[in-house]
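Every chain is named by a letter (A, B, C, D and E) in the order it is written, and numbering of its residues begins at 1.
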Amino acid sequence: STGTTTSTTGQAGTGGENGEKAPTIALFLPESKTTRYESFDRPLFEAKVKSLCPDCRLLYSNADQDAAKQQQQVEAALTQGADVLVLDAVDAAAVAPLVNQAKQKKVPVIAYDRLISGIGYDYFVSFDNVRVGEMQGQALLDALTKNGTAAKGQIVMINGATTDPSSADYKKGAHNVLDGKVKIGREFDTPDWSPDKAQQEMEQAVTALGRDQIVGVLSANDGMAGGAIAAMKRAGYDPTPPITGQDAELAAVQRILTGEQYMTIYLDIRSEAEKSAELAVAVGRGDKPAAATTVNNGTADIPAFLLDPIAVTADKVKDTIVKDGFYKAADICKGETAAACAKAGIS
Amino acid sequence: MIRAKDISKRYGAVQALEGVSLDLRPGEVVALVGDNGAGKSTLVKAISGVISPDSGEITIDDRPVRVGNPHDAQAMGISTVYQDLALCENLDVVANLFLGSERRRWSVLGHIRMERAARDLLTQLDVRIRDIRVPVAMLSGGQRQSVAIARALIGEPRLVILDEPTAALGVEQTAQVLGLIRRLRDRGLAVLLISHNLADVRAVSDRVVVLRLGRNAGEFRTADTSQESIVAAITGAAA
Amino acid sequence: MIRAKDISKRYGAVQALEGVSLDLRPGEVVALVGDNGAGKSTLVKAISGVISPDSGEITIDDRPVRVGNPHDAQAMGISTVYQDLALCENLDVVANLFLGSERRRWSVLGHIRMERAARDLLTQLDVRIRDIRVPVAMLSGGQRQSVAIARALIGEPRLVILDEPTAALGVEQTAQVLGLIRRLRDRGLAVLLISHNLADVRAVSDRVVVLRLGRNAGEFRTADTSQESIVAAITGAAA
Amino acid sequence: MSSTTVRPAHKPYSPKRAVERMRRGDLGAWPVVGGLIAIAVVFGSLNEHFLSPENLTNLALQMAATGTISLGIIMVLLLGEIDLAAGSVSGLCAVIMTIMNVRQGWNPLLAIVVAVAAGAAIGLVHGLLFTRVRMPSFVVTLAGLIGWQGLLLFLLGERGTINLPFDGFVAKLSDTWLPPWLAWTLAVALVGAYGGSLLLGRRLRIAADLPVGPASWAVVRAGLLAVVLAAAVVVLQADRGVPLLLVIFAALVVILDLVLRHTAFGRWMYAVGGNAEAARRAGINVTRIRVLAFVLSGSLAAFGGILAASRLSAVNQSSGGSDMLLMAIAAAVIGGTSLFGGRGRTYAALLGILVIQAITNGMLLLNLDSSVRYMVTASVLALAVAIDSLARRGSTP
Amino acid sequence: MSSTTVRPAHKPYSPKRAVERMRRGDLGAWPVVGGLIAIAVVFGSLNEHFLSPENLTNLALQMAATGTISLGIIMVLLLGEIDLAAGSVSGLCAVIMTIMNVRQGWNPLLAIVVAVAAGAAIGLVHGLLFTRVRMPSFVVTLAGLIGWQGLLLFLLGERGTINLPFDGFVAKLSDTWLPPWLAWTLAVALVGAYGGSLLLGRRLRIAADLPVGPASWAVVRAGLLAVVLAAAVVVLQADRGVPLLLVIFAALVVILDLVLRHTAFGRWMYAVGGNAEAARRAGINVTRIRVLAFVLSGSLAAFGGILAASRLSAVNQSSGGSDMLLMAIAAAVIGGTSLFGGRGRTYAALLGILVIQAITNGMLLLNLDSSVRYMVTASVLALAVAIDSLARRGSTP
């Protein structure tokens, strides 16, 4: 990729040709099957934009994990005269031609959450996916060390769908930490991130490795963690060995409090969404805010705002998720979680 | 008495029936004859509710009735052997015979009662099928025809319609069917027989109705009429 | 001369054919008769490659030939009208007539040539179909039978097999088909006719072969034999 | 599927008939059973855990939900139609049940009944669109596949996953095990009922002067059933016991089979599937049969979805999604149900799902790369059915 | 689909025939066209951009890939069989093409040819398993669906996505626009050829003493075509021009339609689909026709996959996945192809994909929640087909 860095990203300012008119901001999210996009990213982003710029027009599309559909959605947005694209790519590389199309129309592009590769563009706002995997691995490793089981047994790794590019990053991060430190007895890629499939994978791992051999589970997200926990509970584990997750689903937070799940990765989606919203409004109005850092995507250095993921274990729920208002204490502490809430000091 | 009045039916460009009427009386065998494509089968389908005619009405004992579907016709005691047979080839002989009027108690099928009755009926009709538990798809042409005829006698019909029943039958079976038609008449049923075999028609029918190009083309008392005049009516040579 | 020798065929428990032999000579009409389920259609299917018999062989001019599928049979000039017709109901009359032997040039169909030829052939057979461009599904029973018969005359057959060809036909059409059979014989073709109508059989055949329960049960020169002795052979009363 | 082969919709009545059927190549379920044995041998020799009681118990649990959905699909396939919406409906109804139970705090049984009723109502809608509006069932249920999925997402709303409490009634469904005495009583009762009905039928046939096979044959068949059941109970007792889930699924299979073979409704299903026009002319209300088949399919899908939710102790946005639908259809087809209607039995669901889940289960034990897993799954699937097809092949005339 | 309705596989030859067909309720493509107009009116009034030249151009581009796959599926549906593997095959072949072109640096045209040949080979395998081993096509292609997906993942390996250069030949395929003179020349040539063939056919029929319709009818039909083509060119020229992709897809539709209607092969396809046994008895090599249909389906799937890759300028693990297969089958069915074989035309792919993509495209413009979008898509899909079904309904006897 030598020399291609010259294709600069400097057209950011041109997005605001029609500076007087309130800009139209288009947000593209990749899927609707996990909770975060529809219930957090989108409302948080929209709320922030509305508060910063009440007249801005917002376009929203969700690609249902289909790169071709996202392509159509971007085309539709350009047709409708979008002034800024905030793009969470289904496929990191496949959207490059769309970015190209936008550049030709002088519409600035902000890569949201996932890095877009193969072309230069204006901004990148995200968490670090490899870092997520590393934090999951580290948390699991810490728990094993605490239990004194790290050397005594094996762990099971339940990765996400091979068809999802970010799952390769999580996997890589986790391996960075775990390899050589603990024996990975079984490792599965789970089609569609399906909890049902994760459950069956876990059942088979238990059968293949033996019940007392398994000392921990690295699950790439909370949904699959739920499946793995169901499998282990049915197989008679009590308590369940430490198991990781991601997304901070409500159901997972409750499990963490009751001790069924060890941790989840809480991506502070609020700051990510709000940062992007600010950026989008600014860019839409023709400004060109300076970025803290840059990320090289193989083609160009992209000005970037990188946010840190947060590992949440039972003792941290109060200070992160509850404090941020990500969930209300009342929602978390329903029914049987109430007691656990009290123990964790949440009310 | 069952009467079809002024029945018309059009299929796309083909006017299959145009104002055809037909009377059927208990204890009488009526033969319906006519050239290929004259509309005989179409008339039969209209009477037995398989198709709904474009116009015309059907009356039973002078009360107009609605024959919207084959179920209605059956409820009125009209039982039909279709030219294109209409058997379920995946079912066995017994199942086909009792289809739609299964012997059952609390909706549980009486397999044994039905098999017994089926065997009796087939023996009575002199039908030889080596194994009545195989799917109908495996029977010979004549055997299927026999099954279809036997079907029409299940239940208590008041009118039996037979569309070319003997077309595929052997000598003996044909004789049996003709004998059967006479017995049905003697039991006071109305019988409508469609056949191209004028010898058979003359042998069993009391009255002959001729269709030609979808219209009534003559009606004769069989006993008083020569074969030649029937043929003339069929071919239109009479006109 | 086409000869079927010692043909046997078993369907599950039913021995449909057991060592049946049959000779067919050019310029001769052979009638194959027998009760329902006697195995006539099965024999026809074996000769025309639709089924492969369990044992037995077929020879043409004393050379054994393999008739593995209907295509082989056609290549040898055997052309068959099946009792169960075997038409493609979604295709129109012209397409059905020429199915498998389409007139074409560089594999492009000659629609117009075929339609012309079809109209001529149907007129010659006195078949009246009001519109030959509708799918066969819309024809009457007799019209379909006529189409199937006409099909067998496309191409240049040396043996024409007709399995109950006149079953659904009107008076005139039946006469036409019988006339046609005679004309085929006069042109030097071999003809095998299956029919339950002994009057027709006697009218056109030179020789009668009787099957009974899957075996040969007699062979007669038509001219020298009374109807009664044929019936006796069919029913087994002779034995 | 060559159009010359028509196989009967019904069952052997005597050993003579069984032998005849063998001769004409209609081997019934035997080739699939052969395929299963092959799968067992191969995976069993590659991994010593495959045939362990623990794993076989897991297999039994893994079958039930998709198997139940497959049963519903068989109802529709018997008519020569298709139900693509079964997966979505199962997910949607599981979500309805969970919301009623967990969020609204309804009694779990009531919630289940309501959810199954919702499935039936959805089936009714499909059936009416198919029969009244005469839309192809493929399109109706394709629209259902998309639309009910949308409703599911809508109902789940913001939160995504909803957990079912592990010790709640619903979750317990898949974590209940028959006590040994009950398992054995059930097995004995089943064998008794089966043998008894065979002998009674034989007695009645003799009384009606109908041909019968030798009495020994009835004994042999009952004995075979006894052996199979006893083996199953022994193996499952060696682990946690006979799972309630398996009993529920097996009961559904048996009951639906009895309904199909011994009631007028069942007979009419086969008739409509074999030749709808002939059935209509026989005075059968074809519309009603068709609508009922879709209602059954919807209800069974709903129930299957509930079983799946019970096993996962949760519902989420991917409930009823992924390849559940395809697996349910494949199970029916592998078990021998014709896609062209009029042929098949409910045991197809049992055998077919056993084949599919045994493959999945074995592949996971072997811990292969997911790309390799896909390829091997496909090959084993193809092979299992090829055995069946080749066995049948000798038969066609 | 009531078994009493059999619709002809062929086309009107005269206005008289067209009127007859209308009378017997066989409205051909008209109800679908009606549905399309309804969709255009509804979405057009809800969003002013829907009918803009830019959006219609996008629509044209969005149709081509899935439409091409749908064409292949029609080939198999005509035989009354199914191809569930088309999606996976399209993805796999696109990956093969990309690897050859990008990683191995082959000439792009050669890579395309190799990839399409691979698709044909896969189709051959499916066809042979179906005809020789006599496995149901559903199972063969289901195994294909899983297995070829596995091979795709295997070939892509760790890296996942491979980009195709934007200015490379393959990517340019979907970014090339006909110059106005060429677009107009093509349109005129098409209308000329069509009108000419109509008049020539009429002349020949008169010469052969066969019945013909009035000459004015031929003129009206050619005129209609001229209006449609001119409108399309004018609208597309208002944006970027007529896309090459659309021309390729349309050419495939027209050529395959001519093959189906005017060659012996095409005739035999319909015959095998209508009654395979009758076709066999007519001496047609049924096995060969079936294998060829699967080969065609595989090749068209491969080509469709290449078009999709060209539009995306990349291939990845989900190439050919998602709902592409279902949409391709749905397009064929919505366009009027029967799932039971023997009935349908290639224009079904064009009309059906237009309906589906217009819905998707319109929904995206409206900017709704994805749960609502699913539900609305389902409703619109159902409605579009319901119009068609209700229009046909009047006809059945």
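Rule of thumb we're sticking to: a residue touches a chain if its C-beta (ideal position, glycine included) is under 8 Å from a C-beta of that chain, and two chains touch if they have at least 3 such contacts.
Protein names from UniProt, one per chain: B, C = ATP-binding cassette domain-containing protein; D, E = Xylose transport system permease protein XylH.
Please read these numbers as outputs of a predicted model, since none were measured by experiment.
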Quickly list, by label, the chains bordering both chain B and chain E.
C, D
Report the chain whose CA-based centre is farthest from the CA-based centre of chain C.
A
With centres defined as the mean of Cα atoms, the chain at greatest distance from chain B is chain A
Between chain A and chain E, what's the gap in Å when you average each chain's C-alpha atoms?
38
Could you put a whole-Å number on the gap between the CA centroids of chain B and chain D?
42
Starting from the mean Cα coordinates of chain A and chain C, work out the distance between those two points in Å.
74
Among the residues of chain D, which are close enough to touch at least two other chains?
153, 275, 277, 369-371
Chain C: positions in contact with at least two other chains:
11-13, 134, 138
For chain A, residues contacting two or more additional chains
32, 38, 162
Within their complex, chain C touches chain B through residues 11-14, 34-38, 41, 83-84, 127-131, 134, 138-143, 145-146, 164, 167-174, 196-199, 231, 234-235
Under the touch definition given earlier, write down the residues of chain E that touch chain C in their complex.
6-10, 13, 17, 201, 204-205, 208-210, 262-265, 267-268, 270-271, 273-275, 277-285, 342-343
The answer for chain B against chain D in the complex is residues 48, 50, 69-71, 73-75, 80, 82, 85-92, 95, 99-102, 104, 107-109, 111-113, 115-116, 119, 133-135, 137-138
Seen from chain D, its contact residues with chain A in the complex are 47, 49, 52, 54-55, 58, 61-62, 153, 157-163, 165-166, 174-175, 308, 311-314, 316-318, 321-324, 360-361, 364-365, 367, 369-371
Spell out the residues on chain A that touch chain E in their complex, using ranges where they run on.
32, 38, 59-62, 64-69, 71-73, 75-76, 79-80, 90-94, 96-97, 100, 117-118, 162-165, 168
